[in-house]
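Please go over the structures that come below.
Shared chain: subunit A. Partners: subunit B in the first complex, subunit C in the second.
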Partner chain A sequence: MTAGAFISLLQGAGMTLFISGAGIVLGVPLGLVLALVRWGRVPVLGKIVAVYVSLLRSVPAVTLILLIFFAVPTIGPEIGPITAAIVMLTLNTAAFNCEIWRAGLNNFPADQLEASRAFGMTPLLRFRRIIFPQLWRSSLPPLINEMTMLIKSSPAIAVVGVVEITRAATRIGAQTYDPLPPMIVATVLYVLVIMLFVGLQRITERRYGQIGAEA
Partner chain B sequence: MSRDFGIVWDHADLLVEGLINTVILSLAGAALALMLGALLAILLMSRNRAVRIPFRGMVDLMRCVPFLMLAYLVYYGLPSFGLNLDNWSAGMFTIVIYNTAYMAEIFRSVWSRLGRESLEAATAFGFQGPRLYIRIIFPQIFLASGPLLGNQLIQIIKDSAFLTIIAVPELTHAASSIQAQYFVPFAAFIVAVLIYWALCLLVEAGVFVVERAAEARR
Partner chain C sequence: MSSMKSTLSRSILAAAFAAVVGVALSSSLAGAATLAEIKARGYMVVATEDDYKPFEFMEDGKPTGFDNELLAEFRKTSPVEIRQQVIPWTGLLAGVSTGKYDVAVTAAMITKERVKSLDFSMPIADSTHFYVKRKSDDSIKDIKDLDGKTVGVQSGSAQLEKLPELEAMLAKTGGKLGKVVQYTSYPEAYQDLALKRVDYVINTIINIRSLVKDKPEVFELGQAVSSRTVPGWAVQKGNSELLALINDFLAEQKKNGNLAKLQEKWLGQSFPDLPDSYEP
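Let's turn to the complex of A and B:
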């Protein structure tokens, strides 16, 4: 494998990180919104979110990206591969993040909610001052775990032609007729990125225990 | 739009064939990985550090590799070891070795939370060696890991869709080939999506039944 091939794999890694990062930045808050809709028992919408989560959690990333990339243009606007990739990862991870945020909300100590109500806090103030500061800490380790799952499913976006790590590796393999070395380097790149997240998860687990654990 | 679904319906045989392949790959792969994972869990729980540490390292490493990358490594790598597998077998091989690591990790985590009492009682009753594992340890672990195994089976079903990339004729591949021939992307893929959903709901229902049984035994 030449230095040029190695550089194009690194560029692929950049693309994987960019698209995964976009999916995380969009999917984590979207998951929180979905979780709040279900937690707040919003009529009709809550049920829709429940169905959405169940559906999205069982759809393979490959199938979903093919659906978005090929079907959206037939009923709506043209969609490029990178946009399709970000939309797919966001929709997918939001469903899992919704369940993580919801578990945190369901485990939230009821006495604190009652106390804040007794102090006459508005729901918004209660969320901002009481719930969220504790919720994000307890949800962070499982959220980071979901980020590693997102990166592990990101090779799916190669099927619509996004040149990320996997696509770069198959391309080099096709040019050199020797697919194994670029695949091994690509795997090492993935392992390094995912290990970074696993390390982060362990650190956050140690720093932030369960809600109310220190109390 | 209804014409599109008509085209997909006309090729239902392709989808059914793909579905059967997805089910066989997932179930047989999961069953093999389950057995190998149970054996690997024994090594992960070994009291001998020289055994435990390298195997834990291997499992942790495997869990950092995306499924598709492992499929490529198997697909392109095995021939250089003189092992020529067709696409289907390469896919199956990938599912088994990938999930053996996950299954072993599930069993290890459940095992390490198992109380010492039953183990001590069993040794006091003279259970040892394979009989201790088969009669005492594994039944408890299997019953306690039901939901985790269900989640892993769902993950396997989803991962099996990646095998379309190495041309294994599974469900996504079938939907893809119908859409490529007739350009009915929405109908073809939405049908595939709904079938995956139904499969996963079935698995969840199965886990629920097993949980009820496990509850009755406790």
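Let's turn to the complex of A and C:
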């Protein structure tokens, strides 16, 4: 493998990190909003979220991005490949994140909620001071798990012309007719990216403590 | 294993395309830009592939190959700016038929199936199909030896559409077509051929010659397994002004000898007897 090929793979890794990072930054809070809508039993909206989640969880990433990239411009605005990729990953991961957040909310101790009500806390204050600080700690491991799944579903975006790690490796293999070396480098790059996320999880847990640790 | 994966991803893609095409058809807004619309917006979007050596491939992140050099010439004469998208084969023709891209600047085989949804330029090369085998495999010496052996082809490809021709050839000697394994792109098929998961792979003479030139110790060129097949660039069905612009450009390249020069450089030989139009 030439130095140029190696640089293309690193650029691919940069693209994977950027697109996945954007999907995570947008998808994690969006999932929380969706979960709160369902948990709070908001009329109509709650049902819509339930349908959204079942729909998005059943559509493969490749199908979803082809739909967004080719079909959206025929009925709405023009959409570029990178935008389509970020929108796809965000919509997809938000559905899974919604279920993670919702599980955390459903398991939240009812006595704490009753106590905060007895103290006259407003719903917003209750969420900010009582629910959220415990919720994110307990949801962190499954959220990180979902993030790693998102990174591994990201090669689907190559179909619309976004060059991430796997596509960069495929291109090099197609040029040299020797796909093994670039695929091995690609595998190493994925392992490094995933290790980065798991490392962040460890640091966060150590710094802020697991739920109940400080009690 | 790989054939299972390929079948699975194929059915997913088929579902995706059905959905995409459904939405596209249901909308009256769908459709590629006409030449007048392209001139009004000031640019044309062309799509090339990224793993189709020697026609289009990437060298250190930059597009190169036969079609890319031809495209560079087209940029000089085109009345509007040309924006290039480099995408995998999977979404390319669908992108042209839904109007996402104006022109497919790739060596797409002109087939009966494809002319239903696309209009093709004049042929840019001759790419009759040949088979390639492992050099170490002594059991294949002639077409009749392909009887019952496993073949690898690209899914949704012209090569796949032309398999009945090989089937007919085999039938003459009492043989029959073996198991067909479909791949999303050729590099994977060649890899599986080297790994003995398939016994031969069918592709155009040009692609196979390029492969055998790069890996002479692994692969060996076989014989022709189809009638004459030619590739061209594609536009959406009925986009005749844009097609005329492209055909004028290609005719000029043919006349000034540049097309033959590029064929010589990238495809290993020139094709002086190409027709000016081709009906599959």
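The rule is simple: the second predicted complex is superposed on the first by the 195 of 215 C-alpha atoms of A that agree within 3 Å, B and C clash if a C-alpha of one lies under 4 Å from a C-alpha of the other, contacts with A are read in each partner's own complex, and residues count from 1 in each chain.
Heads up, the rule we're going with is that a residue touches a chain if its C-beta (ideal position, glycine included) is under 8 Å from a C-beta of that chain, and two chains touch if they have at least 3 such contacts.
Just so you know, these numbers come straight off a predicted model, no measurement behind them.
A.B. asks: With everything superposed onto subunit A, say whether subunit B and subunit C fit together or clash.
C.D. replies: clash
A.B. asks: Examine A:V191 and indicate which partner it touches, taking first as subunit B and second as subunit C; both and neither are also allowed.
C.D. replies: first
A.B. asks: For A:V62 in the superposed arrangement: first (subunit B), second (subunit C), both or neither?
C.D. replies: Both partners, subunit B and subunit C.
A.B. asks: With both complexes superposed on chain A, which partner does A:P155 reach: first (subunit B), second (subunit C), both or neither?
C.D. replies: In the superposed model, A:P155 contacts subunit B only, not subunit C.
A.B. asks: Now for A:A71: first (subunit B), second (subunit C), both, or neither, which partner does it touch?
C.D. replies: Both partners, subunit B and subunit C.
A.B. asks: Scan A:R167 for contacts with subunit B and subunit C and give back first, second, both or neither.
C.D. replies: Touch status of A:R167: second partner only.
A.B. asks: Contacts for A:S54 in the overlay, against subunit B (first) and subunit C (second): which applies, first, second, both or neither?
C.D. replies: First partner only, subunit B.
A.B. asks: Touch check for A:I82: first (subunit B), second (subunit C), both, or neither?
C.D. replies: The answer is neither, since A:I82 touches no partner chain.
A.B. asks: Under the stated touch criterion, which partner chain does A:Q175 make contact with: subunit B (first), subunit C (second), both, or neither?
C.D. replies: A:Q175 sits against subunit C, while subunit B stays out of touch.
A.B. asks: First (subunit B), second (subunit C), both or neither: which does A:T2 touch?
C.D. replies: A:T2: touches subunit C, not subunit B.
A.B. asks: Can you tell me which of the listed subunit B stretches (91-99, 127-135, 145-153 or 199-207) runs into subunit C once everything is aligned on A?
C.D. replies: 91-99
A.B. asks: In the superposed view, which residues of subunit A touch subunit B and also subunit C?
C.D. replies: Looking at subunit A, the two contact sets intersect at 60, 62-63, 66-67, 70-71, 74-75, 158-159, 170, 173, 179-180.
A.B. asks: Name, in rising order, each residue of subunit A that touches subunit C in their complex.
C.D. replies: These residues of subunit A touch subunit C: 2, 4-5, 7-8, 11, 60, 62-63, 66-67, 69-71, 73-75, 81, 158-161, 163, 167, 170-180.
A.B. asks: Which bits of subunit B are touching subunit A when the two form their complex?
C.D. replies: For subunit B paired with subunit A, touching residues are 60-61, 64-70, 72-73, 76-77, 80, 154, 157-162, 164-165, 171-172, 175-176, 179, 185-186, 189-190, 192-193, 196-197, 199-201.
A.B. asks: Show which residues of subunit A lie in contact with subunit B when the two form their complex.
C.D. replies: The touching residues are 54-55, 57-64, 66-67, 70-71, 74-75, 148, 151-156, 158-159, 166, 169-170, 173, 179-180, 183-184, 186-187, 190-191, 194-195, 198.
A.B. asks: Of all residues in subunit C, which touch subunit A in the complex?
C.D. replies: 9, 12-13, 15-17, 19-20, 23-24, 27, 29-30, 47, 50-53, 57-61, 85-88, 90-91, 94-95, 98-100, 185-188, 190-191, 211, 214-215
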